[in-house]
Structures are given as C-alpha cells and as structure tokens.
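Some structures to go through are shown next.
In the two complexes that follow, chain A is the common piece, with chain B as its partner first and chain C second.
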Partner chain A sequence: MFANKRLSKELLKLQEHVPPGVSIAKSDNLEEWQMDIKVLDDNPIYQGQTYRLKFTFSNKYPIEPPEVQFIELPATSDTPRPIPMHPHIYSNGIICLDLLSSSGWSPVQTVESVCMSIQSMLTANSRNERPPGDSDFVAYNRRRIRDIPFVYEDDNV
Partner chain B sequence: MNIPDFLALEADSESGDLVDLRALDFVSSYDSHLMCPICHCPFVQPVRLQCDHVFCRKCLGSAITTVRSADSEEFPCPSCRTPATRISMNVPRLLINMCDEIQVRCPLLGDGCEEVVPRGHIQSHVEKYCGYRLVPCPDESCGKNTRKKDLQPDQRCMHSYCRCGRCNEDIMEQDFAEHDKELCPSLETTCVDCGTTIPQRTLKQHIETCPDVVSPCVASKYGCQVKIRRADIAIHEQQCPLVSIGPYFEAQNTRLDSLELTMRHLQQRNEIFEDGLANIRSTLRDFARASGNGGRSVIGGERDQQARGDADESSDLATAFSSHTTQYLLSLHESLREEVNQISHALTDLDARASMTIMNECLRIKEDMAHTNAAVNSVRMQVQWLMNPRLHNGARAGGIRTSTAGNESPRTQLTSTSAPGPSNAAGPSLGPLRPRRPSDSGREGTKL
Partner chain C sequence: MAQALKKRGNELYVEGDFIGAEDYYSQAIAKDPHDPTFFTNRAVTRIKLEKWEDVEHDARAALSLYGKKDPASLKSSLYLAQALLALNRPQEAYDLTIVAYQFSLEVRNVQTEKLSGMLLRAKKALWEARETARLHEMDETLKSVEELISADLMRAEKELGDQLAKQEIGEVGYREDLRALREDAAKKVSHVREAFRISSKGDIQERVVPDYLIDGITFEVMHDPVITPSGTSFDRIGIVKYVEKAGVDPLTREAMSVKDLRPNYALKAASEEFLTKNGWAVDW
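Then we have the complex of A and B:
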C-alpha cells in the first residue's frame, strides 16, 4: 500500500519530467518497471547504445531497495538493448552496486536517482571488460539478486 | 529523544486515523521541499534528525526498524547518512503550518463530496462536517450504514423499504424522495417540441434526438437563415446551395488566412527595408550638403540654392557619391591612425608599468641581499667568537712551544702586546694560524 502510493507519485513525476538520457519503457503496473538509459557524454564504450533496466519493487519499497538489473533484448528486435560492458555488471545483467544492496540503500532514493546513479557509473567507466569470474557467476548463479553476497571492494565508482 | 524511545513511541501511536493523509488528492501543487523524501507526501507529523533533515514520523520509524542493526544506538540519516542518535520531535511550526495548509479534496469524493479543504482540516471535515461519510444506522438492529446527511433529526432508521405507488417498486426510504421526483420509471413528461410523452428519466437523451427540435442549417455560418425541424433538415441540406458550396468557402477561408499571414510577414519586411532606405537617404543628403557647400565656396559661393534645377541636383548627387568614397577612405585612414595612436599609448603605458615593476622587484631583491649580508655577517661574527677560545688556546700552546724552543719571534710579541685591546678577537691568533685558514682573508675584508 505504502509502496503503491509512493510509486504512483514517482510515476506521475517521471511522466511530467524525466532527466536527460532516461526514459520510461514500461510502467503499466506498480511491481515492475522498465527504464531505458543512455550514456550522454562521448564515452566510446557506450556510444549510441540504449540499455534497459528492470526494476522490481517489493511491497516494502522504498524502505527496502528495489531489485535492479539490466535486461537484454536481441539485436534483431526493433529496440535492441544489449547489456553494457562494465567491470561491475555481469553479462546476465546483474549489477554489483552497493546503492542497490540493503545496506547501501536509503529510502530517499527514487527510481530516477537510481537511474542517474547507474548512468553516471557507466559514464565514469573506462574499462571495456566484465567483472572477474563473470562466466562462472553467470553459469552457476541461481540465487535471487538480493541474496547474492556481493563484496563492494571498489570505491572508485 | 533517543532511538529506542522514539521507536517505542512510534509503536504506541499506531493511531487509527479516519483519513490517511498520504492517500489524499492534492488540489494544488506544493513546494517539493515540503515533501517527505521517503513517502513523497507533504510531511505528516514531521520529526527532525541532528543533521536537520526532516521526515514523517512514521516513515522515519519504518526506515529505522529496517536499516538499524539490532540495538545499535545510532542510525544513518536516510538523506545524508550522517549517524544520528537523537530524534527531535520539535520541528519549526512554520513547516507544520505550511504542510497543513495545502489544499486537498475530501477523500469521499467518490461518494459525492466535492469539498476542498486545507489538509489540516480534513480530519475534522470528514469526522464532523462531511455529509457523505457512512455512519451506522441509528437503529442498532438495522446494521446498515447510512450517509450522514441522510440521517433524520428524529434518529429514525431509513432503511426500511416502501413501495412506490406508481411503479410498484420497493424503494429504500432514504432514496425515496429522489425516486419520487426523478427516477421513477412511471414518471412522465411531455416534450415541448414534439408533444410526445416520455419517461422523465430519458428527457435529456430525448431532447438530443427529438425530430421536432428546431435547429439551424449547417451552413448557417455562410448565411443560410433556414431554421427547421430536425427531421426536415436532411432534405433541406440536400437542396440548400450554401451547404454544397460550403467546402469551397472553407478552402477559400484557409487560403485567405495563409495569405494574410504572408502579407503581415511581407509588411514587416517592407517596414525594415523602408527604414534602411530612409537611413541611406539621410546620409546621402548630409554628404550632398557638405560637398555642395564645399563646391560653392570654391566657385565663389555665388550660386543661389533656389536657382539650382533638377539636373543640377542629380550631378550634385554624383559628386556626392564620389566624394563619399574618398571621405569613407579618409575616415577609415583616420580611424586607423587613431587606433595606432591608441596602441602606441598602450605600449608606452605597458613599458612604464613593466619598468616600474622591475624597479620594485630590484629594490626588494636589493633589500633582501642587504638582509642576507647582515645575516652572514652576524653568523661570521658568531663563528669568530666561537673560534676565539680555540685560537687562543692554540696561540697559547704555540707560545709555550715557541718559548720552550726559545726563539720567540718579534711578530708574536707584537701581537701579544695588542691582545688586551678591544679587538681581542683574532689579533693574537692571526700570526700562527694564518697558513692553516685560507678563509681568513675574506673575514678580514668583511671586518673592514
């Protein structure tokens, strides 16, 4: 109930105004939204690409963080959405960002602020690579995102 | 108040408020600073942390319970992550008033209440004044709810059914008045236009479709003044010449509009051109007058201005033109000269300034050097003073040595006589030690 009210308010605000490079791709219910983000500067790794983020909200949002991950749409579709290359983004779209963990999350964050954080995380990146152990993680991970014990060792992001 | 107390208070105050202030429909937009960053609603019972961030009491309570590790004394502020240990319940009155002043709709809008009140009053509005709130029927055995405004002064139950005498339908007593006047299917009325009798409920729809309502021809805006019954209007429209010519009129109208637009545009441009032309003409006239004056003075100024004909004027114009170019070049030359002058001025200025700064620097450096010299001198003096006893000792030893050797030189004698003088420093030691200390000469120089 709390979550729905807050989300509908956020949606209203986003429909009025979205930050540059962010757009709503799908928000027809209050449990899962999809947002498209673009990197605005001329970072060669992300030039000309659009990425899709999937937000899954629990009914305790915003007290609890939403689950956020990139999703991939095939290059052959009308709206190709790859998974961006980043040393903290696994190739299945899972993002290692302490902001999205329950310890790093703060209820004052919004969908908008999360999008902008991820946008700036991509903007600041200069390494065109996946996290170490990406293939193993992608092959063996069956846990839900919130249960993965990430270690946030890199403070430079 | 510290965190455990706050949480205890929060748990106690689970108030069953009539109205959920966060679900209200806000009529006007409100300042985003009045919005709780957690629930995105205007603050409800705001509380403040040490870092001056304000949240609703309930929002902060739920944030603390999930974020705080058990029994820890502090908790990071959701906005700035500053560790907070105390929560202040008193926030500025101003903030509370501003939040309570925001206009909201009565939550019973769906039931028919269209009241708009400040948020601070909504609780009492719903509780006391709103007529659309459902309250239990005064008759306790009834068990139904009734709208507050339908309550009878005599506290009677209005839920009993009574039969409408005309349509034989059972109507609840509270709805009976409405049914009796408007909704009963047996109520009939007569259409003023067609004279048929229809049920009152359908009167509105009937008026929209009644074939006997008189309405104007569609081409009325083009001048057709026919007003006839709706049933006949189709026949009229087939015959009316204005209807068939209508599309043509419309096309003409749009063309006229676009032409008017272009015309306005052209008029504006024309005005600009005319202005430019007037400017050119006035400058030309000025030149003509100047050159005319010059020419007359050369000739002798005998010619009368009145006597000059049209041809004269045109030749005047031509000369004006040629003189115009030369004048232009001259003025260009003049302005260039001026610029050069300015630049040379600036150069001399810069030069003077640079030399001034250099001089200043030099003075400073000289001063510094003097200072350094003085310092070196004093250091030297000190070294001298420190060396003195050693030299003395050395001299004494040397003296002993030489005396034992028995061949004391006359020079050492001389110096030893001058020893008690004020310049006791190096005098006696100079003799025997000189060959060992090459820096002595410099010392002597500075001493002088």
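Then we have the complex of A and C:
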C-alpha cells in the first residue's frame, strides 16, 4: 500500500507550510503524529489555549481514515494541552465528526485538512458543554473510533 | 571482568562522558572480543563522538558476531547505516537498510520504524547525489565552482584535524568547528546554485511537479489517470481501491462504481510528456 509514501509527502508539504494556528508537535514516524491546533478568532471558550490532536494511521491510509482524537497533557507540564469543550468532543478526547468515520471519510482529505476542519468546528461552536451521556461513554466505550455509530443529525454546532 | 568494564562504560555513557565510556568499552573488547554488545555500545558512543569510520568498524564487527539471523543485530545495522550516510556513502547505506528493514518487518522488531526513517534519509541522500550530478552535467562552470568550495572545505577540515592531532584544540571544539565548516560550505553551495538558477533563465530549475499531475490519493505523479463522473482525475490504483470499498465519489459522495471511471487520455499524454522530460519525477 501507499500509506508511507503518501504520509512522507504530506509531511514534506507540512514542513514547508502549515496553515495558521496549526503546528506539528510530533511526526518522527509514519504511524502516529501529533498536531497542535489553536482557535484563531476570539471565541471565548477556546481563547489562549492550544490543543493536541493525535493521528494514528493504518497501512490502509488514505483509503481508510486516520484515527484522530484529542489528547490531554497536564496543566502542570511545559506544554499544557486540555481537551476542548464542545458538544461533539467527549472528555476522553474522542471527536464525533462525520469526516473521520469510515462512511464520511474521503481519501482526498489530508492531515492538514482534518486539522482545519476541527479548527473550524471549534470556531463555530458557542456551547461550553460536553456531549450528552459523556460520563457513560467515557466509562464504557471500548470500540475503535471509526466504528462508533455516531449520529450526525446535529449539523448546526 | 569484561562485563564489569562494560558496566562502567555504560555508567559513563549515561553521565555524558563519551570519551571515558569509549575507553572502557575498548578495554572490555580487549579482554573479550567475542561479545557483540561491547561493539554495539562502543558504536553508539562513537556516534555521539561523530567518529564515523570507527562507528562503521564497530557496527560491522557486531554484525558479524551476531550473524544474519539474529534480530539483535538490527540495531547495529541502524548504526552502520547512520555512519555510511555521514561518510557520504548513501548507496551502501540504502542497500544495507532495505535488507535490514525487510528482516525487521518479518520478525516484527521494534527497530522497524527507525529503519524506515533511515531508508527515507538514505533515499534523500541518493537523490541529492543524483541532483548534484545532474546540475553539474548541465553547467560546467557551476561544477568548477562547487568543486572549489569542496576543495576548500577539505583543506579546512584537514587543518582542523592537524590542530586536533597537535592537541591545540579539544575533541569538543573540533567537532563544533567541523560542523560549522560543513554548514558554511553547504550554505555556499546553495547560494551558488541559486545564483546560477537565476542567471540560467529557467534551464536549471528547482524541480517541481505541477499540481495537476499529482494524484490526490497517493500524492504521486499520475501514470494512468482516470476521471470520475464529477470530473476529477485520479490515478487508477488509488481511486479503484477507494471506490471498491466505499462505492461513492470521493468528492461528491454520490454513488458510483469502478465502471464509471473513464481513462483521461489528455491528462495521460500531459503526464507522459512531463515524465519524459523529467525522469526524476518517477520517484518524486
């Protein structure tokens, strides 16, 4: 498969240019990358914060989506990274976003475009809350992210 | 006895005293030249000291003590490849790493990732060598100027080596100065190339593959472009895999099947023409 080649090219492009508010935090192998994102407008929920996204690629990438979730680094570390508040982001970092599911993914998406989609998902949000059933989901979910049957009917958040 | 010397070497290594550690590993090897770990430990210490010829020697010694079928040898392959790249022998580094990489994949060794990274580095070094050869072929003057820069660098490196031998400078200063010299030479080369590129009015160009020839799925130059019902072209291999699995157009998400893909002959002709003039783009 072409996963490695494609990822090394994506990396080359990202090293030349990253979109505003996005930066590479870790990309020393072609299986897992970490990206830092910031919300650029003055949305008070995300002001002054940086968030860390973890991308895990299978060897079927980009035919299959990468697994993408937020990860938390403690507030006491040099680079504190909380999990952003959002009605589609669970407190364990799992993101409910159509384009990351097997059925919503398209191979023309890239790490860069996924970062930008998540950025704009945060920018557009005005509700400082977790998804309904957050604590149960965090306690009981054992499925892989792309296999979770999220409902995407709520398109206005 | 030899093990105790190795242990002392390890302690010094952890403390950052690489010269001391190297000495203890050498003593351990003198006592027992059949333990490959003495050689691997000295190799990694010598990597820190940037003594690349010595790294090569130690890594090869460890490799022959381990034999070909021992996964523990993979670390040594990595050290050897690193040394060969530093010694400007990318082809050897590549040949060696690709074998080690395949073996590491088979036995699912933890070194696979690092070996894959090393492969990319070796490939890049190979490409740089080809690129230099190509530029020199195109312009004799550029070649002469770059050879002057490189002769200059060799002379300066030799002077520095002599100073080290006469103990006018220490090991650490030597390595720092050496690195500065090399960086300086690389900068000069890139400036010269830039100047030649501007004056050549486009003959000597940065090589860029135009976006319209790059497949949006594999990110490679399209060899066999096909067009979807929504009007976008992809290289056949990637889009067929995707459509077989998803049954939709990757841009519009409308239902489609592999049979809806049509060859895009115009783009194929453009791609072939580009590849004929720019053979390098095949492994871009």
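Here is the rule we go by: the second predicted complex is superposed on the first by the 155 of 157 C-alpha atoms of A that agree within 3 Å, B and C clash if a C-alpha of one lies under 4 Å from a C-alpha of the other, contacts with A are read in each partner's own complex, and residues count from 1 in each chain.
Quick note on the criterion: contacts are C-beta pairs under 8 Å (C-beta built on N, C-alpha and C of every residue); 3 or more make two chains touch, one makes a residue touch a chain.
All values reported here derive from a predicted model rather than from experimental measurement.
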{"item": "Combined model on chain A: chain C and chain B, fit or clash", "value": "clash"}
{"item": "Chain B versus chain C as contact partner of A:31, first or second or both or neither", "value": "second"}
{"item": "Contacts of A:133 with chain B and chain C, given as first, second, both or neither", "value": "neither"}
{"item": "Partner chain(s) touched by A:10 [first = chain B, second = chain C, both, neither]", "value": "both"}
{"item": "Chain B versus chain C as contact partner of A:107, first or second or both or neither", "value": "both"}
{"item": "Chain B and chain C footprints on chain A, overlapping residues", "value": "2, 5-6, 9-10, 62-64, 106-108"}
{"item": "Residue numbers on chain C that touch chain A, as the complex places them", "value": "113, 116-117, 120, 216-220, 237-238, 241-242, 245-246, 250-251, 253"}
{"item": "Residue numbers on chain A that touch chain B, as the complex places them", "value": "2, 5-6, 9-10, 13, 60, 62-64, 102, 106-108, 110"}
{"item": "Chain B residues within the chain A interface of the complex", "value": "22-23, 37-41, 59, 62-63, 66-67, 76, 78-79, 81"}
{"item": "Interface residues, chain A side, partner chain C - complex", "value": "2, 4-6, 8-10, 28-31, 62-64, 103, 106-108"}
